[in-house]
Structures are given as C-alpha cells and as structure tokens.
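Look at the two complexes coming up: chain A is in both, with chain B in one and chain C in the other.
After this line comes the complex of A and B, so read on.
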C-alpha cells in the first residue's frame, strides 16, 4: 500500500516509537499510514524521521516531536497540537511504557475493543471479568466542547483488576477518546480507592488493516515490579489480540446495521458516529448493509 | 457444461459426520464463504455464516452450551434458528430480531453433513450412485485445485487400492470408454486386474463413485468434492460398504499419491477426454 491521500489522517499526530527504544545513532524502520519511514536518534537524543520510497530516503519529515517520552510524527500539516495528558508528570502515580505490539487489523478495531466493557467476562475471564457477573450497567456518553468523546460512570465487577490486587472488586471507569486512534482509561485504583489508575493507548496505523499499539500505564502501585506490571498487561493484551485478528472486516464498519449493537455498546455507537462526522477515511469501512 | 461448477441449489459436503462430535464447533469453506459447522449436545447440526452479527467475530472460535452456539467475544448465545437468545451484558433483555446469524440449509445424510448456500433444489442430496451402499468416511483432504479439475481428475484417474497387494498397484493401462447416459458420466478403465468404472452425476457434480470389477479385488469408494474456494477444494474419501483397516489405509495412500500428481493429471490426455464427454451435457435450470 502507498502513503494515504486522506488529509484528515495525514494531518494528525501519531506515536511511532518510545524514545527509550531508540538507541542513539541507530535507525528504526517502521510504517505510518502506508508510508515507510525511518527514525533515528541523533547524538543529542533528538529523533529525526525520513520517508523511505523504494528503499531510499525520499523526504525529511518536518513534524517530529518528543512528548511523554514517546516519539510523535505528523506526515502532513498538523491540524492541532499533540493531545494534552496532564496526569503524565503529575506526582503520585508511577509511569510505565508498555512496549509496542503489532496487530493485523485496523487501529479503529483496537480502540473499540479497548473501551468495550462487555467482553471482559469472556475474553479476560478471571482478571477483568468473571462469568458470574457479566452485566454492564448503563453509563453516560458525550462529546465535549473540545471535541473529545467521553464515557463516564462506567462500572464493572472485576475478579482481578490489576497486578496490585488479589480479590474481586467493582471498578469505576471513565474513558477518554481525544483523537480517533487514541484512548485513555481512568479506572479506580485497587490500592488507592479514591484515586484513578490510568492506561493510555496510542495506536500507530501502519496500513488500513495493520497497526502497532503503543501504550503507557500510570499506576498507584509501589509494590509490583515493572516485570509484574508488564506481565499483567501482556496477558490481557494477548487475549484481546486473539479476538481482534479474527474480526472481519478488519476496517471498522461505520454504517448502522452492518453490525448489530446493544445497550452496552453506547460508546461504540458514539465512536462510529464521531468517526463518521470527522471525515476520516483511513481504516474505516463506509459500505452500507447489504439487503438481507 | 462445467462439471464441478458452483451452483446455489446443490448440496455440497462440508464435513464427515464422525468428524463433528456432539458439542463440537469447526470452521469450513464453501465457494469462498466462511462457514461455522456445529452440533448441539442433542445432536442438532447447524451450518452458518461464520460471523457474529454483533461485532463480526468468527463464531467457529466459539463453543456450544447445550443447544446454543456461543460467540467467544461477548458471549452472545444463538439458538439453532440463528436468533440470538441471550446477551450476557443484559441478562434481562430480549435480544433484537436483527441479532441473528445467517443460517444455511444443512442436512446430515449418508454419514456426511451437507450444506447449500442458496435454495436447495431437492430435500436431500441425490446419492443414488451409492447403489444402496453406505459411504464409510476415511479421511478429508484439502487440495490446491478447483473443484471441477478435482472431479475430472477423480473420474479419469481412479484410486487403485488393493489391500492385499504386496507392491503398489499400477494405474489402469487404458481409459477404455467414456459415455454420457442422461446426466450420468461413466468412465471405464482397463485395470491390471479388471475393469474399473467411475461415475458422476453431472447434476450433482460433487460425488464421484468408483466401482472396480469385483474380480479385481480393488475397492469401491466414493469421493465427495467440496469446492472450498475458486482454486481450492476438499476431497472427502469414503469406502462404499464395510472395509478392513487395511482397505482404508490402502485407499488413503492412493489418495495421497493422487494429490502429489494432481498438477500433472490435470493436464493429461485422459482428463481431456472426460472433459470433452462431459461437455455434451447441458445443465437444466432449476426453474424448469
């Protein structure tokens, strides 16, 4: 696939690497929106990026920024600043980058799965959900004045909500979807019940149906080792991945009746409408339902 | 006429009955359509489009619970009519009628499960060629060739399997005769130990039956061809009537040898001869 011509997609920012994974002087080859790119960390630690065509450097990418210890790239003209995440850098929580994981589907399918409550019992049985409590209570969905999509007052009973806790507990969730391929969870911290743990997903769309998931955690957890936190996350994500690679079509269908939702899909329904209004083409499927 | 041609009113085999135990769920392909084939605890079979109507997950990765098929993603439960019976996220909710899987006509007969992607022209597959014998499934094998080529190869190059032979049987020396009688194409081969008759009903191109002269000691069998995709097929091989384990093994070995030679056989003069004989037949429209 060639670099997309979708201006809405091109003019947004995407994480393409964790800064700590770019060794000084080494190059890192990857792909964004159908375009091969090469990243390089200079001696001063500042990364640079070039587009690669037919194996040769073709264009220097103008918009390369480090923020939150991630490398962000915009292949077009940025239509806005990188999303503000004020909790990163605020005292208290522990910040952990959780690596990159490739998934052979659209970034939109990954985002939708990330904020889906009703799969916990079946895909994450024994950790984020249990077979005995499958019900998803009603929650609120709204698009805020700044254009961000939010779901609030979400609740779900979880047998093991994080690496830091052993027993089951009802967890409160808020979901923030500030950009189409970015989502942030705020969930009750099992060890600090008045505070939130935060998990963020930055999905790098390699192609329309192939992506790399970068993510971070901001946890109230002084006990678990980094390895324990990563192990918990990787177990959960491997379960998600095993579902995601078997969903067809891989591009997210936006038109109603292509896929039949229920009440617990209120955020998914809103996400698809919100994507539709955004004009984004990359990774979405706008075909209407076939006549039955 | 293309023998082995795809049509929407024919039954095609998708799996041997013995390969689908009660409570089992498996994927299958028919004409490029992804299917889920499953059997409830009580034994009811279902052949559906392999897609959950909710979020397009493969139902063939799901499981059965009693009489329902459960999607692995959100646990939606579907009854044998394809309608969603239960959404675990909302246990008290009666699911919308739109929440239903696409169900295809399916039937279990002659030790196989058969499916039809359109409206079946008959209540069950026409397997009169079995001549009252019951096919005993040996194995199913996927091949990289279209169903038409596979059916022509099977007609023009019978599996010669003699369970007591001490050395590999030689293939027939001659394709002696090739005749179209009504819609039945009959190909007679002169084998080492006697004649071998291969027949297929062109109206139901998925069944090739092979009956060697009893004096030859070779084995009668049926080969059922499932068009999985445009360029792929599965062959379901069955003994006609009872046979010893040695007989089953001999036929299996013959099929494996056939698969290795599929490319060459598809170009052979015998195959061309059978193809030309089949060309004289015109498929009637199911409307008449």
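After this line comes the complex of A and C, so read on.
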C-alpha cells in the first residue's frame, strides 16, 4: 500500500515504538499509514525516523518526539500537540510497558473492542467477565468541550479484574478516547479501592486493515512481579486479538444499519459518529447499508 | 515440585501446560517477560538454559529445555498406564515420528504466528508456504485415518503426538494460514478440545457447550 493522502490521518501523532525497547544504534523497520519507515535510536537516545520508498532516497521525518517512554511520529503537519496524560509520571502507580502486538485489522476495530463491555463475559471468561453475570448496566457517554469522547459510570462484575486480586468484585470504569486511534481506561484498582488503575492503548495504523498496538499499564500493585502483570495483560489482549482478526469488514463501518447495535453499544455508536464527524477516512468504511 | 518457566503466549510452553493439565500434575510457574523485555536473553536465564529458549522445566536437580524432552519426561513419569507415550517400540516410534513433524515441519507456522503477534514487518510468505505444505500432510494423514476408523494421529487413542501437534495447528490462522480447506484437521482439533482436562491458551477458542 502507498502512503495515504488522508490529511486528517497524516496530521495526527502516532506511537511507532517504545523507546526502552529500541536498542541504541539499531534500526527498526515498520509502517505507518501505508508508508514504510525506519527508526533509529541515536547514541544520545534520541530517535530519528525516515520514510523509505524503493528506488528513492530516504526522506527525513521532521516530527519525531519522545514522550511517556514512547516514540511519536507525525508524517504530516501536526494539527495539535500530543495528548496530555497527567497520570504518567505522577507518584504511586507502577508503569508497565506491555510490548508491541500486531493485529491484522483496522486500528478502529481495536479501539472499539477495547472499550466494549459486553464481550467481557464471552471472550475473557474467568478474568474480566463470567457467564453468570453478563449484563452491562447503563452508562453515560459524552463529548467534552475539548473534543474528547468519554464514557463514564460504567460498571461490570469481574471474577478476576487484575493480576493483583483473586476474588470477584464489581469494577467501575471510565473510558477516555482523546484521539481516534487512542483510548485510555480508568478502572477501580482492586488493591487500592479509592484509586484507579490505568491502561492506555496507542494504535499504530500500518495500513487500513493492519495495525500494531502499543500499550502501557499504570497499576497500584505492590505484590505482583512485572512479569505477572505482563502475562495477565497479554492473556487478555491475545484473547481480544483472536476475535479481532476474524471480524469483517476489517475497516470500521460508520453508516447506520451496517451493523446492528444494542443498548450496551452506546459508546460504540458515539465513537462511530464522532469518527464520522472528524472527517477521518483511513481505516473507516463509509459505505451505506444496502436496502433489505 | 515441578517448576515451569513459562510465557503465556508461547505455543511451546502451552504444549507443556496442556499435558500437565491432562495428567493433573501440580506445578509452579516462573513467569518470564519474553516480550517485550526479552528476559530469556538475560544472564540469569541463560545460566539455566544457554539456548535462551522457552519452555524450561525443572524437577529437583533435573533441568530440561524444549517441549519435546519435557513432554516425553512427564508422560513417562506421571502416566503409569503409558497411554500418552506408549511403551511398545512401534507405537513409541510412531509417536516420535509425529513429535518430530511438529517440531520441524510445523515450526514455520509457530514462527509466522509469533512474528505476526509481535507486530514485525518481515515477509512471512516463505513461512506461510512451508506451513501450508505441512498442514496438507497432516490433513491427508487425519483424513485417511478417519476412513480407516482412526481418530488420533499416532495410536487408537490420544497421545502426546496429538497434544504437541495441536497448538500450531489450532493457531495457524494467527500465522496467516487459514484452515478453511482442512476439514479433517478441524474435526481432530475438536476431538482434542473434548479430551478430559483440556485447557486453552489465549488464541485457542474454547468449545462452547
């Protein structure tokens, strides 16, 4: 695939690597928005990025920034700053790099799955949901003044909500979707019930129907080892992945009646409308429903 | 106590977990940050296994690396009836033949699956072609077996050959290899999932109902 011409997509920031997993001096080849790119961490730790096309000299990418231990790249002219996540760097929680995971579908499918509550019981049986409690209680969805999409007052009963807890407990969730291909969960910390654990997903769209998921956890957990936290995350995400790679169409349909939502999909409906209004073309499917 | 050095998304570790589950053997796990931290390449782990690979299993002073030696050891020490790894020479050799097939011929599938999983941009088409060719052979073997009334790969009951062939076959779609044209493999995967004490790993869908 060629580099996209979608200016909305090109002018946004995307994570393309975790800095701590980028060995100094080594190059890392990947793809962003259909464009092959090569990253390199210099001796001073600062990464550089070039666009690569066969038979042409490499072009230096001007906008490369390190923030939150991730390498962010914008292939166009940034239309805004990188999203502010004040909890990263705040005292208390442990920061866990969860590693890059490839998923052969659109980034939008990954984001939508990430904030979907109704699949917990069926895909994450025994951890994030159970077959005995499958109901999604009503929750609120709104677009804030700064343009971010939020779902609040979400609740779900979870048999094992995190690596830190053994028994079932009702967990409160808030979802923040600050940019189309980025989502952050705030959920009750089982080991610190007045605080939130945080999980963030930054999706790198390689092509319209292929992406890499970069993510982090910010956890109140004094007990679990890093590897135990990581195994818990990877178990959950690999379960999502095994479902995501079979979802069709791979690009996210935006038009009404292409897929039939239920009451528990309020955030999904809002996400699709919000994407539609954003003007983003890359990774979305704007075909209208065929008449029955 | 048996100790398994484990990574949740490793299909080789799953082979061992699967047999430990089937045999109802108690064990403890040491969780390794295989991806992204590459702890298996760190000095501590290399002292245990200089190949820097998973799984590793320890039982007292015994240190075993690699799924095949480990399942062979567990089947011979925790299954007095010797069903999982038959004692009869010809039967044992048939099992070994399919263990070897899983280790060599299905390796490209596991590799393609893992490169996909960690979001690498390598050209996977040679691995996919080799994996497809290997699954054709397994498909034919299982289909011929069904015609002759055989349900399992190497004996008239499930053996460690079935368990060791299972992960790469079941997760071939994660490596970009579809199973749509492999009906005998589908039916055999289903039979494995119905075995008593079967457990899944993330990526392997459980039977519902």
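List of remarks:
To be clear about the criterion, the second predicted complex is superposed on the first by the 289 of 292 C-alpha atoms of A that agree within 3 Å, B and C clash if a C-alpha of one lies under 4 Å from a C-alpha of the other, contacts with A are read in each partner's own complex, and residues count from 1 in each chain.
What we mean here is this: contacts are C-beta pairs under 8 Å (C-beta built on N, C-alpha and C of every residue); 3 or more make two chains touch, one makes a residue touch a chain.
Nothing here was measured: the structure is a model prediction, and the numbers come from that model.
Of the two partner chains placed by the overlay, only chain C lies in contact with A:104; chain B stays clear of it. In the superposition on chain A, contact is made by A:225 with chain C only, not with chain B.
Once the two complexes are overlaid on the shared chain, A:249 sits against chain B while remaining clear of chain C. Residue contacts after overlaying the shared chain place A:134 against chain B, while chain C stays out of touching range.
Look at A:262: by the touch rule set out above, it reaches chain B but stays clear of chain C. Once the two complexes are laid over each other on the shared chain, residue contacts for A:18 go to chain C alone; chain B is not touched.
Which of chain B and chain C touches more residues of chain A is settled by the count: it is C. Residue contacts after overlaying the shared chain place A:212 against chain C, while chain B stays out of touching range.
In the superposition on chain A, contact is made by A:121 with chain B only, not with chain C. By the touch criterion defined above, A:29 reaches chain C but does not reach chain B. Counting contacts by the rule stated earlier, residues 246 of chain A appear in both its interface with chain B and its interface with chain C. Listing the residues of chain C that touch chain A in their complex gives 6-9, 31-33, 35-37, 39, 116-121, 173-174, 176, 202-206.
In the complex of the two chains, the chain A residues touching chain B come out as 117-119, 121-123, 134-136, 243, 246-249, 253, 257, 259-264. Contact residues on chain B toward chain A in their complex (touch as defined above): 34, 51, 53-58, 61, 72-75, 87-91, 93, 95-96, 98-99.
On the side of chain A, the complex with chain C involves touching residues 18, 21, 29-31, 36, 97-102, 104, 125, 206, 212-213, 225-228, 230-231, 234-239, 241-242, 245-246.
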